[in-house]
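Below are structures written as C-alpha cells.
Here come two complexes built around chain A, the first alongside chain B, the second alongside chain C.
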Partner chain A sequence: MAAPLGQYKMVLFARTTDKEILRGAQNGGIVTALLSYALDTGIIDGAVVAAPSRSKPWRGKFDPWRSEPIVAMTRDQLLSARKTGYNISPNVMMIKEATRSYGLDRVGIVGVPCQIQGVRKAQLYPIGMRGVPDKIALVIGIYCMEVFPYQSIVQIVEDHGGVKMESVEKIEIGKGNFTVVTERGRTIQIPLNETRDLEQPGCHVCLDYAATLADISTGSAGSPAGWSTVFIRTKIGDEVWKRAMQAGLFETKPIGQVEPGLGAVEKLAVEKITRNKKTLEDRDFIGTKGLRNPYITT
Partner chain B sequence: MGKVVEISPTTRHEGRSKLVLQVDDEGIITVGNWISVTPVRGLEKAVLGKPMEQVPKLLSRVCGICPVAHALAAVEAIETSIGVEIPADAHTLRVILHCANRLNNHALSNIFTLPDLYIPGTDRKINLFSPEEPMRSIARRIQRIREIAQGITEIAGGEAIHPTNTRIGGMYYNITSRAKQKLTDLAKEAVDIVKTQMDFMIAVLRNFQRRDWTEIGGRQIPIPRNLGYHSEGYLATDSLYGTSSRTSVQSWDPDHLREIRPWNFYMGEVTIDLEDSTYPIGGTTAAGTVVHPKREATNAIPLYNGRPVEVGPRARMALYQGFNEKGTIGQQVARQMEYMTDVHEILNRLDTLNTSGKVLTDPIPPGDGKTLAWATTEPARGTNVHFVRVREGKVADYSMIVPTTWNFPVCSKALSGAPWQLAEVIIRGYDPCVSCATHMIVLDPDKNVVAQNLIR
Partner chain C sequence: MEIFTEHVNGIMIHKITIGHIHESGCTGCLAALMDNYQGIFTILDKYADLVYGLTLVDVRKIPKMDVALIEGSVCIQDKLATDEVREVRDKSSVVIAIGGCACSGNITRFDRGGQQNQPQHESFVPVSDLIDVDIFVPACAPTPEALRNVCVMTYLLLRGNDEQKALAGMYLKPLMDLARSPYGSKASFNTLMQEVINLGLCMGCGSCAAACPVRAITMEYGKPQGLRDLCVNCGACFSQCPRSFFDHELMEHHEQIMGMLKAVMQ
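Showing the complex of A and B:
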C-alpha cells in the first residue's frame, strides 16, 4: 500500500488563536482561520467553500444539513460556512465560475480528498478549465471516511432515528456511530454499519483518507478535543503555514506529545483504504471493471 | 483570349477557400471567382428539432473565431421568435461580450494582414514572427489586445471561446462587482494599446497605398490605385450590436433578400492554363488541371435588392458614420477605426452595468411556431443574420446568412482590375472567415443542387 497518509513535510496539532473563529468551529478552526488569513493577506482573493444551503431553507434559515458551494470573498462569508456538513457539496463545480463571473485571480478551495483529486486533475489536464489551473492558489483538504447524500441524511434522521429534520441540533459521525442530538437534548445513536448502504456509493471505492494531494490537509482525527491534526504537504502549503504561524494565527503542539496522535489517523486511513480495496476486488470479481487506483506508487 | 489561374488554397484567413481567376495578357483579373471549399457542416440542419436551449450552444460551434457572434445571434433570434424580452443588465453583458469578441477579431485580422505590408520607408515586409524590433513589439501588442479581449469574454461570457453564460431569456449569471472592476481595468489598459495599434495599422496601410509596387514571388507587382474597388452596395443592420424582427423601425428589410445558388453565380468548368511556381506558398495550381467553381463552391450567394452587398466594418462606417473611402485600403482603415469604438463601448456599458441586477427573464414561453423571426449581430466581419422558427420549445426552421457569405460575391467582383497576384490581398481586406460561410447544399444524383432555401 502506498503511504496511507501521503507525502508531507510536517504534521502537528493546531488550533486557531482567533476566538471568533474557534467559537463556531467544529474542531480547531484551521480551515476558516487559514482561508481568512489568506484572504486578508492577498494570498487568495476568494475561496470556494461549502456553506449551508440558501436555496432550501430550514427552520426559516439557511439549511446547515444541506451544503452548497459558495465563493466566499469576505471573512463574514467564510464564517457563515463553518462546520463540516456530512453531505457532499459540489465545490469543484464552482471553481471555474470563481475565475469567471466572480472575477477572481487567486482562488482558494476546500474539499474532501476526491474533490482535491479533481482539482489536481483539472490543473494537469485543464479540459473545460481554460485559464483555471494557474488561478488555483491554495488547496485545503479535509479528511474523509465517507459522505451521505442529503436524502440519506433525511432517511437516517427521520426513519432510523425517528426525529424530524427540523429538530436536529447537531450531527456527528465518528466512533462507529451516526449521532444525532436534538433541539431538546435527546441523543440518538445509529451504528454506522446500519447506514453503510445509504452512503454515497462512490465512497466505497475511494482510496484517500487524508487528502494526500492537498497543499494542507486537516481534520479532527488523532487530535485532542478542540484541536485538529494538520498535514503540511506542499511548498505552497509550507509557505502559507509559516506566514500564518508568524502572524500568530495558530497555537500548535508537536504530534508526539499527545495521545492518540498520528497512529490514530493512520489507523483510520488504513481502515478506509483496506475496506475500499476489498470493494474494488469484489467488483473486479463480479466482472465490473475495477477502477484504476490513482494513488498507487510503485 | 485570357488565361485562367487558380490560387488554392488561399492563406492567412480562417477556413478553406480558393480563387479561380480569368486574367488578360497583362495578368489583370477580368473575372474573379472566390469560392468556399470548406466541407459542409450542416449545422442549420443539425439543429432542427433540437430543444431551443441547446441551439445557441450548437451554433456557437459554427466557428471558433467568432463563436460569440453566432451564440448571440442565435439567442436573440430565438428570443424574438418566442417573444421574450431580456433584462437590461443581460443585454449590457451581451454587448460587452460582442465588443470584446470584435476586438479580438480585429487584432487577429491584423496578424493576417501585416505580412502584406511594409515597414514605412523600407522595402521590408512585416514579419511578425521575427525576433527583431519593431516586429517583436508589434506582435506583443497584438497578442496583448487579444489576451485582454479574451479575458473580458471569459469573465462576461463564461468562456473565452464558446460563451457558456448566454442563454435563452438572458444570461445565467450576472458578474460580481469585483469582476466588473477587473473588466474595467482590462478595458482601460486596452484603451492605450489599441490606440497605438490603430495608429500603427493606419500608418502602414497608408504607406502601402502610396507604394507603386509590392513584391510577390520575387517580382515587383504594380499596385493599382483602385485596388479592391467595386460598385456594389453596403449592408449593415446596426452601427454596433445588431437588431431583430421585433424592432419597429428596421434598418434593413429581409424581404429584399434573395439567396441564389453558387450554380447561378460562378463560372463553369475551366482548364487552368496559367501556372506560376514562384507564387507563395508553393505556387499556383498546375496547368492542365480542370476546375469547376460553380460545382465546387459550398457557399450560397445572398443578394440584397438583387445585387451582392459588402458587409463589415467599412459597410457599418459608410452607412452610419459617413465614411466614404473605397477599396481594400479603405476597408482596412475602417476596420482599425472600429478598435476604439469597441473599447470605449465596453467601458460605457460597464459603467451602466448593475451587478446586482436581474439577468434572466421569467417565464420563458415555448413559442407558437407562427412567425419566422430573425435577429442580426454586427460582429467583426459584418452582418450576421439568423432566421428561426420555434414551436413548443423546439427549433422548427433555421437558416443563417453569415458575414463572409455576404462578402463572397461582392469580393469576387472587387477582384476585377487588379493583378492576379494581389487577389489574396483583396480578399484579406474582407477578413474572411470561411467556415461559417459554408452552407448545407443538397445534390441530386446528377450533382445538381436541389437544396430548398428557407428565405427566397
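Showing the complex of A and C:
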C-alpha cells in the first residue's frame, strides 16, 4: 500500500444544497445527493445501496439498524437509504442482480472500502461476474474503521448502553466513541475500546480506510459538523463531480481553511492500517503454522 | 507507468498461437469465450491465431502452440483423453484451465459412471490433477470478461515489453498460484468456508453470493450461507472473494488497467 489516503485528484469539504437530502443525512448528504443526481441525469440507471431492512420491523417500519442491500432506481428509494448503518450489508451481492435481473447498463454502487475492493476485483477478475465489469458506472466509497454484525449492535446498544433498540434515533461512531442518541434526546457514549471485541473479525485484516479504490470517497472524518470530506479519485469521479458542481448540487470549502482537515483523515487511516498490519503479522504466529494471508506481496 | 499511456495496439505485431482443447465439458466455456462477440474477432485479428479447436478449426492433430485453453475434466478410464492432455502439456508453453470442470472438476465431480455407451467411464478429475496447469480461470461458465482479460494478459506476458510483462505477471500471479494451490483443484463452497470464513477473513461483502452461478449462496447475518447440495464445485465464490487473493499494488491501478483492456479491445 503506497499512501494511506490513496491516489486522488482533489479533496475538499462539501455538503449538499438539497435540503430534503440534508435533513436525513448522516453528515453532508454527499452520497445520496450524488446518486440522486446521477440517476436524474442518466449517469446511472440504478444504484446498489444499503437500506433499512424490510424483513424485520422496527417501530413498525423498516429497520434502519439492520441494513440490507437494495437496487435503488428512484430518488425515494435513495432517500430511504440515507444514514450510516454500521452493520454488515452485503452490497456487492447485488451488483450482478442489478445488471442481470434488473437489466441495468449503468450501475452505481456505494460501499465501505472492503466492498469497493470486491467491486474492483469483480472488474479486473470477473471470475463469476458475467456482465458486471463494464457496467459499473459510479463507485462511491465511505470511510470505514470497522463494522459490527447486527447482533453486536444489539449487544452494544442494549447491554452496554442500557437502552432498547426501539428507542435509538441515531448511531454514530467517531472520536473514540460508539455514540447512541435516543428518541427523546439522551446521548450515550461507549468507548470504542470496550466494543472492539464485538467488531467483525474480518475488519481486522482490512488495509483500507479511505476507500482508496472508489471513484469518489467520502466520510465525516476531518470535516466540520454537518459537512463531509470528499476525495475525487478517478476520471469518472472527476467528471461526475464537476457536473454535479455545475448543477449547484454542493457547497464546498477548501480543505486548508478548516480544522481538523486532512490530517485527521490521514491519522485515522494510518491508525487503522498500522493496527491491522499488526493483526496480519500476529496471525503468522497463531499456532506453529500461522494463518493464511490473503494479500499478495511481491 | 508507461504501459498505460502508450498506444498499446501499435506494439502488438507478433500474434500468439492459441488452441481450444475440449475434454469432458459442455462447450459452455467455449461459448463464453465467443460471447465476447466482436471482442473475439479483435482478439483473433490482432493478438492470436486460433490453431486448434474441435468445433472451430479443421485441424486433427494437436499442433505446437503458445497457449492452450483446456475446457472440461478428464476421464481417467479414457486413454484418448489422458494421452491428449499429456500431449497438450508437451506442445504448449502456457496451459490455461478454463471453467470449473477443468479447474476443480465442477459437476463432473458427481459422476460415478453407468452411462451408455461407456458405462465404465466413471472417474473424472480436473486437468491439473494430471498435468501441470499454469493458470486457472474458474467458474461455471467462466465469464467472457474473465477469459478476455486473461487472454490479453497472457498475450502481454508472452509478447509485451518489459513493463507489460511485469503487469501481466502481476495480474496472472494469483491465477497461477491458484493452479498450484492445494485447494485450487478441490474448490467448492467448502473452500470458501475453509480458506476464508474459517480463517477469520470474511467481511461479508457478498461477492461470493453474486458470483455463484446456481444461487447456492445467500447472506445470513452478514455472512455467506451455502446450500451445499446445490453447489456444483465450480470455485467461482472462492476466486471472486476479495479475501481469497488480493494484490493492493495491482488494484491501485484499476482505472488504468480497465482503460488498457478497453483500448486493446478496440
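Convention: the second predicted complex is superposed on the first by the 285 of 298 C-alpha atoms of A that agree within 3 Å, B and C clash if a C-alpha of one lies under 4 Å from a C-alpha of the other, contacts with A are read in each partner's own complex, and residues count from 1 in each chain.
Keep in mind that, in the parts below, a residue touches a chain if its C-beta (ideal position, glycine included) is under 8 Å from a C-beta of that chain, and two chains touch if they have at least 3 such contacts.
Everything numeric here is computed off the predicted structure, so don't read it as measured data.
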Considering only touches as defined above, state whether A:R130 meets chain B (first), chain C (second), both or neither.
-> both
Partner chain in contact with A:V205 - chain B first, chain C second, else both or neither | second
First (chain B), second (chain C), both or neither: which does A:E97 touch?
-> both
With the two complexes superposed on chain A, say which partner A:C114 touches: chain B (first), chain C (second), both, or neither.
-> second
In the superposed arrangement, which partner chain does A:L213 touch: chain B (first), chain C (second), both, or neither?
-> second
On chain A, which partner touches more residues: chain B or chain C?
-> C
Is A:E183 touching the first partner chain B, the second partner chain C, both, or neither of them?
-> neither
Does chain B (first) or chain C (second) touch A:G6, or do both, or does neither?
-> second
After superposition on the shared chain, which partner residues are touched by A:E169: those of chain B (first), chain C (second), both, or neither?
-> neither
Figure out whether A:M73 sits in contact with chain B (first) or chain C (second), or with both, or with neither.
-> first
Looking at chain A, which of its residues have contacts with both chain B and chain C?
-> 97, 130-131
Within their complex, state which residues of chain A touch chain C.
-> 1-2, 6-7, 69, 87-97, 111, 114-115, 117-118, 120-134, 147, 149-151, 200-207, 212-213, 234-235, 283, 291-292, 294-298
Would you tell me which residues of chain B are touching chain A in their complex?
-> 154-156, 158-161, 165, 173-176, 178-183
In the complex, go through chain A and note every residue touching chain B.
-> 45-46, 73, 97, 99-105, 130-131
Contacting residues of chain C [partner chain A, same complex] | 32, 137-139, 142-146, 149, 170-171, 173-175, 177, 195-196, 199-207, 209-213, 219, 221-223, 234, 236-237, 239-252, 254-255, 257-258
